[in-house]
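Each chain gets a letter, A, B, C, D, E, F, G and H, in the order it is written, and its residues are counted from 1.
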Amino acid sequence: MSQNNIKAILQKLTDDSISINEAETLLKKFYFEDIGYAHIDHHRSIRKGFPEVIFGQGKSSDQIIGIIEKMIDKDNIILATRVNKDKAENIQKKFNSVEYYEDAKLIQLKQKEPDVTGHGEILVISAGTSDIPVAKEAFLTAKAMGNKTKSIYDVGVAGIHRLFAHKDIIENASVIIAVAGMEGALPSVVAGLVKSPVIAVPTSIGYGTSFSGLTALFGMLNSCSSNVSVVNIDNGFGAGYMASAINHTGLSY
Amino acid sequence: MSQNNIKAILQKLTDDSISINEAETLLKKFYFEDIGYAHIDHHRSIRKGFPEVIFGQGKSSDQIIGIIEKMIDKDNIILATRVNKDKAENIQKKFNSVEYYEDAKLIQLKQKEPDVTGHGEILVISAGTSDIPVAKEAFLTAKAMGNKTKSIYDVGVAGIHRLFAHKDIIENASVIIAVAGMEGALPSVVAGLVKSPVIAVPTSIGYGTSFSGLTALFGMLNSCSSNVSVVNIDNGFGAGYMASAINHTGLSY
Amino acid sequence: MSQNNIKAILQKLTDDSISINEAETLLKKFYFEDIGYAHIDHHRSIRKGFPEVIFGQGKSSDQIIGIIEKMIDKDNIILATRVNKDKAENIQKKFNSVEYYEDAKLIQLKQKEPDVTGHGEILVISAGTSDIPVAKEAFLTAKAMGNKTKSIYDVGVAGIHRLFAHKDIIENASVIIAVAGMEGALPSVVAGLVKSPVIAVPTSIGYGTSFSGLTALFGMLNSCSSNVSVVNIDNGFGAGYMASAINHTGLSY
Amino acid sequence: MSQNNIKAILQKLTDDSISINEAETLLKKFYFEDIGYAHIDHHRSIRKGFPEVIFGQGKSSDQIIGIIEKMIDKDNIILATRVNKDKAENIQKKFNSVEYYEDAKLIQLKQKEPDVTGHGEILVISAGTSDIPVAKEAFLTAKAMGNKTKSIYDVGVAGIHRLFAHKDIIENASVIIAVAGMEGALPSVVAGLVKSPVIAVPTSIGYGTSFSGLTALFGMLNSCSSNVSVVNIDNGFGAGYMASAINHTGLSY
Amino acid sequence: MSQNNIKAILQKLTDDSISINEAETLLKKFYFEDIGYAHIDHHRSIRKGFPEVIFGQGKSSDQIIGIIEKMIDKDNIILATRVNKDKAENIQKKFNSVEYYEDAKLIQLKQKEPDVTGHGEILVISAGTSDIPVAKEAFLTAKAMGNKTKSIYDVGVAGIHRLFAHKDIIENASVIIAVAGMEGALPSVVAGLVKSPVIAVPTSIGYGTSFSGLTALFGMLNSCSSNVSVVNIDNGFGAGYMASAINHTGLSY
Amino acid sequence: MSQNNIKAILQKLTDDSISINEAETLLKKFYFEDIGYAHIDHHRSIRKGFPEVIFGQGKSSDQIIGIIEKMIDKDNIILATRVNKDKAENIQKKFNSVEYYEDAKLIQLKQKEPDVTGHGEILVISAGTSDIPVAKEAFLTAKAMGNKTKSIYDVGVAGIHRLFAHKDIIENASVIIAVAGMEGALPSVVAGLVKSPVIAVPTSIGYGTSFSGLTALFGMLNSCSSNVSVVNIDNGFGAGYMASAINHTGLSY
Amino acid sequence: MSQNNIKAILQKLTDDSISINEAETLLKKFYFEDIGYAHIDHHRSIRKGFPEVIFGQGKSSDQIIGIIEKMIDKDNIILATRVNKDKAENIQKKFNSVEYYEDAKLIQLKQKEPDVTGHGEILVISAGTSDIPVAKEAFLTAKAMGNKTKSIYDVGVAGIHRLFAHKDIIENASVIIAVAGMEGALPSVVAGLVKSPVIAVPTSIGYGTSFSGLTALFGMLNSCSSNVSVVNIDNGFGAGYMASAINHTGLSY
Amino acid sequence: MSQNNIKAILQKLTDDSISINEAETLLKKFYFEDIGYAHIDHHRSIRKGFPEVIFGQGKSSDQIIGIIEKMIDKDNIILATRVNKDKAENIQKKFNSVEYYEDAKLIQLKQKEPDVTGHGEILVISAGTSDIPVAKEAFLTAKAMGNKTKSIYDVGVAGIHRLFAHKDIIENASVIIAVAGMEGALPSVVAGLVKSPVIAVPTSIGYGTSFSGLTALFGMLNSCSSNVSVVNIDNGFGAGYMASAINHTGLSY
């Protein structure tokens, strides 16, 4: 969907070749498409630099397929998050080229490989083995959005030498995504070592007073390191998206 | 404090001109200074690109003065946050050149104006009149850290035309800090309009179920726009710091 | 159940044709019927303008059938909410004319179409695709209670142009029901555009700090627009009922 | 501020007598006025039928005076809520005709008495003596917005005969505002007696597990009567505003 | 288990016919029996007037059978609460005379009918149909402990005439158990009508902000009637037990 | 206020010597008196066996004096709770015979000593020195309502031999009020020793995770002893009132 | 894994027989092993006196087997906690000598019996039958770590004579682990009787306001006995581990 | 207070030189002393190895003086915690030798210096400058109870090199008390480095989502290091007491 088309409509309006009402109708179709259960935001690629991502949770596979069908010839890359295995298999039957990442519960449909356009490398780092699914969702999202990405898993603060062994990679990253459950201390320690911005992602891993990630979340918001900001619990997608936005700061894309 | 000095010590160690113990002692002094009630982190300028910022809350004016004295000939710019008027006046008596921003509760001591080094302009935008103190803390922090900054205040979502009137400025910013209390809806709406990363800052403004900013915080974490991450309630300083880190993504400084 | 009957009893009492005890017995039967597990409130049609609605959750299909049997020749329209598919099918076996709306989980048994009696049109508007079941429960309830109704779905604030495209419908509604999960910002934005009363319905859609709708609820209670009031999480029925009461303000019915 | 002026500007634009940029500038001034610490929403009278109300909490008396000065020749009636006695006295020194209601903490500046325009009478009813300040804020707001209003205080459910003694007034009201702290049971009982919509207002009255009004709030959201919706704790203003919007349903004003 | 046996042991000790160590051993066996996974408190009948009641939740049917076997020839009546149907059937296979009340999830094994010993009648009253299981647990417990009992179900405050129709029974009860979910207003209204003590039982019935009974609990603790005290959510057993203790105040049993 | 008067009115009505309207007016005056800021419930003595108790918190001394003036010639004993020292002194200036208990914050105005009418002795027992004010409020309330009362203070479970030293008194009480803050374990231990009903009163004593009494409250609701029910945090008055109701179970008074 | 090996590497470095880079590589392998989904912390035996314990929850049986394979020839004893029966059976198929404790959900693989090295005996004491699984996890962990251990189950405070019957064992223990759900009063009472440190373990046993163990946790944190500290809800493993650390205070091992 | 005295009483009882009643009376006096507002637990020195410590919060200086007077000739060392400056000065007027530590808010009255009796050194380590008062309370308590003690302040995880610079001291401590507010990550990192038990103390330092120490508390309970247990927020005294108990594990004292 190109910005030129919009200008063309506006031109026609000022040329009096169409009325305001006609212009409105044209622009509305341009902006979004109403398919009953969803208003697909076609304008998003222009406005945000990346097409709308389908939030799979609570949508049937038929609904997801319906949305993909409307997007498939307009967008180079389509992502759907929080898609379980059953739904994924239904979707893959319809679209052969759909890739499914089971642990990240993420579907990807690429017309072509995205260009790598960001400033540097986005590093995804996780505290425990159980945090890996969230970390992978972040990793895949950042990659799909045109970024160089790397990951290090299971380097929590209880055996802090495991973290320090990767100090070079950590210091070289342009943006870091730090994923942790339980007490959520990893982002503070990591951010204390670097200048670059750190996106902290709490996970729902733990029991008792981990409160399904709330303790990690609050710990991260209280980080004594200041180059940290936080996304919702288990929101690997949001972290990857925000990291990509950061990695493109000041660039046109 | 220069990185060269560290290399010099290491060189001496490999030259056998000093022992490991001696090297350790030298490096420790280099890293931080223990003044009893505080370990001042002199290494921070090297590691993080900006000197340690003094968290004024819960420190006496004497303690703050003591820390400033240790930093004053090592750092070009010193910030102290959450300093009330009484403490500020005591500190200004000691250091004439200290500037005090009363609504932001922030002290600044500049040897020289910071160079503007970031990618673009950081925009601070607030929902209500009462959110201004937090917004100003963010604004001043970002400015002190070498960024071009701009602000728009009192443009909450209940009269959304006031926000849209500033659409050009919003779309041109490289990083946006969106400050809001009550229901905290501003960052979602703003982030929906742009590609750039948005730092959401909940404020403790409101009553009843605003829960001193918790409702705004949770609303922001649930933003349906994905280019949003969040800092602690009323943490204008952290937002400004993070925005600066983002605005310097991929740059050496 | 007519108000005349009550007056008749009272007349008999003052005529001394019945005793106080007899009058009490007659009136009690009139008011409600005790069927062991329920006191059916037959008086409600008179007092409230609409018969008692069956809350299906936690009742067996036999219990629901039992209650319908007692109501069926007294009331023109019977609603049962929160009825799952299995129960609905059992009930439909017993009463052929029962209509079942699966996504809204609502059962309706109409003797005749309700008269449209309210002031204007009730508009149901939802933020996301997953909010539709709650929105439909509101829509169907308002319609059954004698109101003109309309709906717009999936117009959340992250792509606010989708909402503004429907501005005419929004401004013409006499009452608006705004349904949203996650950060629940939709009612604030909508209410900022109109004079008419807005009923905000939080939904349990979301994850992490959405807290099953609590964040949306608190956000809505903190709305910076003042023509907003709120019902319980996922309470589409209550929203539809309240909207109908509002749409009949000052009317006799 | 008249709607005609806006049409005039639009006419000029289609007549080519002004450019789009000029039209934009004119309209912007029309919509709101930026006085640094506030964007005054002059457009609100047109859009919402009542001028912007000043939220006094967290604003200095100078700021409130500044805003009143900008509104005074545009609006017939100006309200400021949550104004304590000290601020009120400062404001009264500046504007002689300002009325101050100390228990409701409300300021009113009337050019002329508002016309009574709503459908019927708004009844404000409170459970306890300590709930009166919130009830009065609701009462005065509803009255200022052009409604007939009445009030009954201290009729909580522990001595329910006190409530039933006022049954006629209750049944005749077109809208009811029910104000209660502690367990907040009053709105349920009241709404069970009538057809008309009931706005429930929880107050922060109580101790221990009243949680500053939260228990009352949650009780009201769980009301087993369906013609109830709820506003924020202690939000008498919002209740009065919403009640007025309801009382004007379907009317032009 | 008789108090005389204890005196006999003590007599032997003062007679020097047994040592302190021997007395201790005898008394310990007397007081409780250690069967590995449980210390059965045989002393409870003497101390508390009623044998230990088996809390069935989290115990296997074998464990419950094992405990019953140890109690069966010492106690006239054995209760086990929170026993689901499967466990109940296993237990009934072992002990033919076990009665099972499915909705109350309660097992009872009576050697003989308990004597009615309390002051008056215990009335169990519930707000909704879904509160009946908890109400029945209270009813059966109070009955098993030697009290006259009566019940009234589904008389919530939204149709308050249904409650008032039973005013005589309510006023005659010596103790009232009031069971309610959602907003939990029933105990306040009931207690406002009588002198007798009211035990309020919150139930987990409801959705959204009912918080599984927490809202009802807090509402009841905030009751503006003072002859109310509260037990844990869904704790019908505790309410029946406490009501029985109250109904025996000042009596020997 | 005598029950005979009510019957007299009803007799007149059936004699046709007064109309229904006249009867209503007479009965209304009888039931309560409306003094603007309060509806005084004169009917309470008849209905509840004790006159309305004035909740002093949030009322001015003038308001309390106003209410006392209306009650003073109708009731033998008047209590006002939560009255601070300043207000108490104002009230004592007006009514010489008012007694003030400063630690319990309770005012008492006795025309004559109440008769002791309950079954047995009410024992008030507190865990710590700081719980004494709440314990005393309970003690004085129970005494004013016609009960024999006793108290034991500072016998918490950390030195449990102090509690057991008073075992005889504990076992002889007909009702026990157990007052405790912090972990609130006292009622469980005490109730485990006796048959009689135990009213547990959590206090707001403690810090950190005592959550102003919430932890004690929840602990008490989870008591593994079943002859326990609970009142609101710091609600000594309610505990004394409920204990008196219990101590009069089955008695006419 | 021996400490000597590390010294050997360091010696080589000072001998210049290896470079700093080579030393780093050697040391890294020594410290931990990266097997993709986990960084196994081989250094832990040296640093902490006990090998890394596998947290089974959220790991597949294949992942657990993979980790055991890497540890089996380095460590004398391997523990895995929170392993359900299905996983345990898979693991036992692979390693015959694995012992599985079903109620404690714990796997143990011993090359040789651990030496008993602590100061005294660790006593595990539980309040109820349902707390036994957590108590057993603590018991087995402490035993595996080289401690004499004993246990007493079902001795809650509602029948406190059952607890006091074991007073000798309690007073002789060097460390006590007290496990309790519901109101969690056991640790306070036990700690009041002894000098030795008490580790309190809240369990998720209970219903309603037990909040899955939170009430027990907060009660324990508020213990009026001071020789108490607390671990996470249901964290039997942590309690056993901490008790072992305490029982080895001041010893080399 | 010596254990011999108790034996003497028991001897007399078995000698029949005193009756059971007389023995009881003697033993009761021995155990505690009832001074009206407090039951002083004189038995505590025997049972617990340290006399009762006075909790100053909520006690008047007169009450504290009264308790000290009863203890002063029985105990070598008396502590009172949470004593503010005003009270301390009153107490010092009465007892000259009282020492007052203002930042720790702790009073100490020593007849003689306590013997150092524990296994090793207790190290108190704090994350920030503002945590020092809590850390000092722990330090002074542990010292008063007969332990070698050391402290390191302001070594939080955001500049982790400051912590590692003290690694030798950390590794040599027999017990560590780790004090931290905000995200509370320090205990996890410290415990990961050592074998010895770590007592984690959350402090109420922070703002926003630090929730007055709750976030730190929950983070510590979720520590991924297992040699950690936790005390209440700001409970420096409890941490020092527990550390001393641990440091005396297996010793007689």
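In the analysis below, a residue touches a chain if its C-beta (ideal position, glycine included) is under 8 Å from a C-beta of that chain, and two chains touch if they have at least 3 such contacts.
Not measured: the values here are computed from a predicted model.
Novice: Among all the other chains, which ones are in touch with both chain D and chain E?
Specialist: C, F
Novice: Shortest hop count from chain C to chain H along touching chains?
Specialist: The fewest steps needed to get from chain C to chain H is 2.
Novice: Give the chain pair, either A-C or F-G, that is connected by more C-beta contacts.
Specialist: Spelling it out, more C-beta pairs touch across F-G than across the other pair.
Novice: Please tell me the distance, in whole Å, between the geometric centres of chain B and chain E computed from their C-alpha atoms.
Specialist: The computed centroid separation for chain B versus chain E comes out at 60 Å.
Novice: Where the centres are mean C-alpha positions, what is the separation of chain A from chain B, in Å?
Specialist: From the centre of chain A to the centre of chain B is 26 Å.
Novice: Rounded to the nearest whole Å, what is the centre-to-centre distance of chain B and chain G, using the mean of the C-alpha atoms as each centre?
Specialist: 42
Novice: Check each residue of chain A and list the ones that touch at least two other chains.
Specialist: Touching at least two other chains: 159, 192-193, 208-210, 214, 217, 221-222, 232.
Novice: According to the definition of touch, which chains form touching pairs?
Specialist: Applying the touch rule to all chain pairs gives A-B, A-C, A-G, A-H, B-C, B-D, B-H, C-D, C-E, D-E, D-F, E-F, E-G, F-G, F-H, G-H.
Novice: Under the definition above, what is the set of chain C residues touching chain B in their complex?
Specialist: 127-128, 156-160, 182-185, 188-189, 191-193, 206, 208-211, 214-225
Novice: So in the complex, the part of chain D that touches chain B is made up of which residues?
Specialist: 28, 31-32, 36-39, 41, 43-44, 52, 57-59, 63, 202, 204, 213-214, 217, 232-235
Novice: Along chain E, where are the residues that touch chain C in the complex?
Specialist: 129-130, 132, 153-155, 159, 161-162, 165, 205, 207-210
Novice: Within the complex, which stretch of chain G touches chain H?
Specialist: Those residues of chain G that touch chain H are 47-49, 53, 118-120, 174-175, 193-197, 199, 217, 221-222, 226-233, 237-239, 241-242, 245-250, 253.
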